[in-house]
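Listed next: structures, encoded as structure tokens.
You will see subunit A twice below: alongside subunit B first, and alongside subunit C after that.
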Partner chain A sequence: MKYADMAPPPRSEHLWRYTPWHWMHPSDIEIIPDALPIRFEAQEPVDMNTNICVASSSNEYARVFLHEVAKSSTIVSSSKDNELMNLYAVASGHVACSHLHFNIKHSVTILLHLSGEADWCGLHITSKIAKNLNVSFAIVNELSNTTTYLECQDWDIAQDSSVEFAGITLGGFRTKSDIRSNLNGRGANMTQAISTHGIGQRHSDHHIEIHHVEPHTTSSLSAHSACDDESHLVTTGLLTIARHANRSDAGQVFRNLLLSPKARAESLPELEVLADDVSAAHGAASAPVDENQMHYMMSRGFSPAEASSLIVEGFLTAAFGEIKNPSIIDAVRTRLTVHLECHIKR
Partner chain B sequence: MSEQARDAVGDYRYGFHDPEHATIRFDKGLSEQVVRDISALKNEPEWMTEVRVKAYHHFNERPMPKWGNCSELNNIKFDDVTYFLRSSKQTEKNWDDVPEDIKNTFNRLGIPEAEQKWLGGVTAQYESEAVYHSIREDLEAQGVIFLDMDSGLKQYPDIVKTYFGTVVPYSDNKFAALNTAVWSGGSFIYVPKGVHVEMPVQAYFRINAKNMGQFERTLIIADEGSSIHYVEGCTAPTYSTDSLHSAVVELIAMKGAKIRYSTVQNWSSNVYNLVTKRGVAYENSTIEWVDGNIGSKLTMKYPSVLLRGEGAHAEVISVAYAGEGQHQDAGAKVHHLAPNTTSNILSKSISKNGGRSSYRGMLQVTPKASGCRSKIVCDALLLDEHSRSDTYPTMEVGNSTADLEHEASVSKISGDQLFYLMSRGFSEKEAMGLIVNGFFEPFTRELPMEYAVELNKLLELEMEGSIG
Partner chain C sequence: MKMGEEVLRIENLHVSVEGVEILKGLTLTIHKGEIHAIMGRNGAGKSTLANVIMGHPAYEITQGSIHYMSKPLDELEVFERARAGMFLSFQYPAVIPGVQVGTFLKKSTQSVRQVELSARDFRKELKDAMGMLNMDSSFLSRYVNDGFSGGEKKRLEILQMLLLQPKLALLDETDSGLDIDALKIVAQGINMVAPLAGCLIITHYQRLLDHVKPDYVHAMIDGRIVESGGPELAVKLEEQGYEWLEQHQ
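Our next item is the complex of A and B:
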């Protein structure tokens, strides 16, 4: 399928209800813009190949678009068990776009730091995880506060493999992340944690799909959004359990912390269950900062701004409570602390 | 009843039908002339005819919804539907004057008996229009108006003109437009200031003819400090061809008023039930929807409340049972438009024999609505591997002081609960029936006793054959 042959998605599709496609396109929606590739660097040597052409298998609108804009792919392959990959992705120029594929055949930890001043940045991450692996992946978005960022991720998880996924959005003016995971083998597990800090006029939209395709698969998703200033944070989820995927266990929780009268938050945690012997649940909650917590902190000498900042830090970090990998936890906590110290309102 | 008919009807006890004795029956299909003819037949004022015609054009222009069960929606053959059928020359106030065959139908449904025992008023609608209507004299003396909608328009045109279409305008959705174009029957209720209607009033809707469309329109206005409980029930015969029920219900609760609207929908499995129900709640008023969906082929119904006045409260309790070939797409919508408004939504569903139940909800808090609180709980039971349960909630929060919670779960009947009951001497079937009745208990306890007993019986019937 070609982008030019496809009709733009209508806003009646909930994937695009709050972030219409023309907001995410770098220019006129009929145009495929010229793009620079995102520059990938690794802290330690990793097996990385760039400028490889990989055919896109998706017919989804944003994915087809990203594929045509990126033109080529970067493939990162694991080379040994327990490898720690610290990857830095820098987006510069007017339009920057890449396809990043992880070829994972070992149990690895991947930390992807995304930064840069590009006006528009597009990134499509794909990965097929082989059987019996433990993979931890974190993506920290620290793009410029003026960047429009379109991200798609596709994870295929094979039998008895387990993936820990952490995502933290601290940058970007307008961001749309569409993250889809398929639990394709018995015993596959996905633990997903996503935190977003809404400041200024940031519009951040996360769409997270988890598909239990096979029996005895487990997933948990925790998405925390702290909405400050005039930000607008959207979290939509789709959790499906296929007809024969019995003994699956799935849960998703969306939480919004409302910090400013002009901030907005939308949550759509959707559930489609076609198997009867399953445990599936979801929850969503939105609330302001607890006055008792503020009172407690201030009675111990914190200013209102410091107290609020600590509560926000605690709230955003709490999303990662199910993540076990210490490298991931350290990375997201450090970036979050630095970010909040920079933005604390004194 | 022939064997063939019995097979078709199955456990659905209201699947019988009577010979059709229409006094006026329109040809199948919809056109502007049909809309004008319905209006002319009822001697309606010109403004109503104009509203109908505008709605008809909107219906034609408006595309089918692109969400929900699109394949079923696209199967509706609007040209095969009869849009108006009059079975009785007038709405009778005396039960004895109702035509014999219609009276027999409602006798079989138990309506006269219920009226004598526990109702404040009754409207019985057969096909397109009400055939019987009554209200207790003491309520009438207090100024309570309880009429069928056609009589309401004739006798109180100013009130109807003031409120008609203000809560659900014809442009709201395709089926609201259809209803506005061809509406007939329904209830019109006005409760004066400070009057509390202690006994529920009831409307009973019955489709008898094949390929019939029933498009009743209900408008309930509870003036300041008043209260009313309205109960509606619906049944239809089982035919091999489909019927269409597309109602619009508008509720207006003035300052400090309370309206409770209870529904036990038990249409036969050949009825498309596409209903728009919405209420507006002003300062410190309460609107409660108690909504049970047992029958129909496809139900799409999301009772909603606009909380427009400070301190207003909305309560929605919705249960759905989806059996073989059924899709119950139900839910609730609450819009918090004013400060300190509160809402509770409880949704429960059971899917069995390949049935599909969906909860589709919307909870919106606008920037002006500070201090709002809301809680939504959705529980679904899947009774076999062929069935399906979906949850599609939406929470839109535009005010930082809002405190909202949503939780949903899907599971099968707990083996522990079954084991416990069976170890105390219940058969597996009895145990399952008890668990299902318990699951729906938050709904049944809000119904008048007679309805609750009836609902439990219905569920027991529906549950037959669930085991083994």
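Our next item is the complex of A and C:
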């Protein structure tokens, strides 16, 4: 399917309800803009190759668009000598776009740090994870506060493999992130944690789909959004359990911390459970900072601004409570601390 | 006994919550080095007293005054009271998800002392205090009060008190939820702080006072102190309850 042959998605679609397509396109929606590739670098030597970007294997609108805009696909392959990969992605110019594919055949931890001053950035991450692996992946979005960022991710997880996924959005002016995971084999597991900090007029929309395709698959999703100033943070989820995927276990929890009267948060977890013998739960909650927490912290000498800052940091960190990988936890905590020290008035 | 400097002076204090008067004319003075225990039934106003001294915004002082170190307290924010040396060990400490105990302790100690502490010096101080309270270092990586047992919460409160070195320590039912061994450890912490501070211990039971010897015991009924005495009053209240005091009202 070509982008030019597709009709733009209507806002009645769950996926585009809060962030219409014309907000995310870098110019006129009929145009495929010229783009520079995102520059990828690795801290340690890794098996990384760049090829001409091929057409998207998906017919989903944003994915088709990203593959037509991107000039290149960067393919990163795991190896038994690389248990930890620190990758840096820098987006510059007016429009920057790439496809990044992880070819994973070994247990590995990947930390992807995304930054840059591009006006518009598009990234499609795909990954196929072979059987019996433990994979941890973190993506830290520290793009410029003026960047519009369109991201799609697709994770295919094979039998008895386990993925820990951590995502933090600390940058970008407008973000649309569509993350989809398929649990394709018995014993496959996805533990997903996402934190977003809304400041200024940031609009950040995360859509997270987890599909239990096979029986005995497990997943958990924890998404925390701290909404300050006039930010608007959206989290929608779609959890599906196929008819024969019995003995699957899935849970989604969305929490929003409202820090300003003008900030807005929307959370819509959705379940489609077709199997009978499963455990599936979802929940969402929005609340301002708890007065008892504030009083307790102030009674320990914290000024109101310091107390609020630490509560926000804790709230965003707590999303990662189920993530076990220490490298991921350290990276997430460090980036959050640095970011909040810079951005929260003390 | 030589009297230390005056730490806290409360005169004819009346306090309301949502229009309901809880404290109805309470007067109390605490000097440095003194341990005062307040006992009373549930609802007598004991926790209200501790909270209003610490500046909880839900409580309104309608009459009377509180002076701390000879200065009126009413213009100080909660965090300014903490930085001035006041400490409240909470009956129900708040849970702060995502904030590790170690980070919290260092930042709060720095906030109260208003100095940047070197990681090395603080670690040593923390290790000593935790050793005294028989606390494992794994505590430090847990989130503040998140999933803590009642006893663990109280130990963390006492650990904070040791680190913050208050001039006035308010302990609101710090003995509740503690087993005998934990009670002894917590009492040891209080006894370490007491010589350099004024202490106000709110309790229902004599058992903590077996390990922390109060200089004064006060019985509180319906928002007022109705009887004051030495440690023998706590024993009498434990044995006879509060009915005999009500008959005197």
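Criterion: the second predicted complex is superposed on the first by the 339 of 346 C-alpha atoms of A that agree within 3 Å, B and C clash if a C-alpha of one lies under 4 Å from a C-alpha of the other, contacts with A are read in each partner's own complex, and residues count from 1 in each chain.
As a working rule, contacts are C-beta pairs under 8 Å (C-beta built on N, C-alpha and C of every residue); 3 or more make two chains touch, one makes a residue touch a chain.
Being a predicted model, the structure only gives us computed values, none of them experimental.
S.K.: If subunit A is used to align the two complexes, do subunit B and subunit C fit next to each other or clash?
M.R.: Aligned on subunit A, subunit B and subunit C fit with no clash.
S.K.: When both complexes are superposed, which of subunit B and subunit C contacts more residues belonging to subunit A?
M.R.: Counted on subunit A, the partner with more touching residues turns out to be B.
S.K.: Touch check for A:K262: first (subunit B), second (subunit C), both, or neither?
M.R.: First partner only, subunit B.
S.K.: Identify the partner contact of A:E270: answer first if only subunit B is touched, second if only subunit C is, both if each is, neither if none is.
M.R.: first
S.K.: By the touch definition at the top of the document, which applies to A:F302: first (subunit B), second (subunit C), both, or neither?
M.R.: The answer is second: A:F302 touches subunit C but not subunit B.
S.K.: If we overlay the two complexes on their shared chain A, which of subunit B and subunit C does A:A318 touch? Say first, second, both or neither.
M.R.: second
S.K.: With the two complexes superposed on chain A, say which partner A:V278 touches: subunit B (first), subunit C (second), both, or neither.
M.R.: In the superposition, A:V278 contacts subunit B only.
S.K.: Taking the superposition as given, does A:D330 touch the first partner, subunit B, the second, subunit C, both, or neither?
M.R.: Neither partner.
S.K.: Scan A:N292 for contacts with subunit B and subunit C and give back first, second, both or neither.
M.R.: A:N292 contacts subunit C only, not subunit B.
S.K.: Just how close are subunit B and subunit C at their nearest CA atoms in the overlay, in Å?
M.R.: 16
S.K.: Which positions of subunit A touch subunit B when the two form their complex?
M.R.: These residues of subunit A touch subunit B: 10, 12, 14, 227, 243-244, 246, 256, 258-288.
S.K.: Given the complex with subunit A, which residues does subunit B contribute to the contact?
M.R.: 66-67, 367, 380, 382-385, 387-412
S.K.: Applying the document's contact rule, which stretches of subunit C touch subunit A when the two form their complex?
M.R.: 54, 56-57, 77-79, 81-83, 87-88, 90, 93-99, 104, 107-108, 111-112, 143-144, 160, 164
S.K.: Touching residues of subunit A toward subunit C in the complex: what are they?
M.R.: Result: residues 290-293, 295-304, 306-307, 310-311, 313-319, 321 of subunit A touch subunit C.
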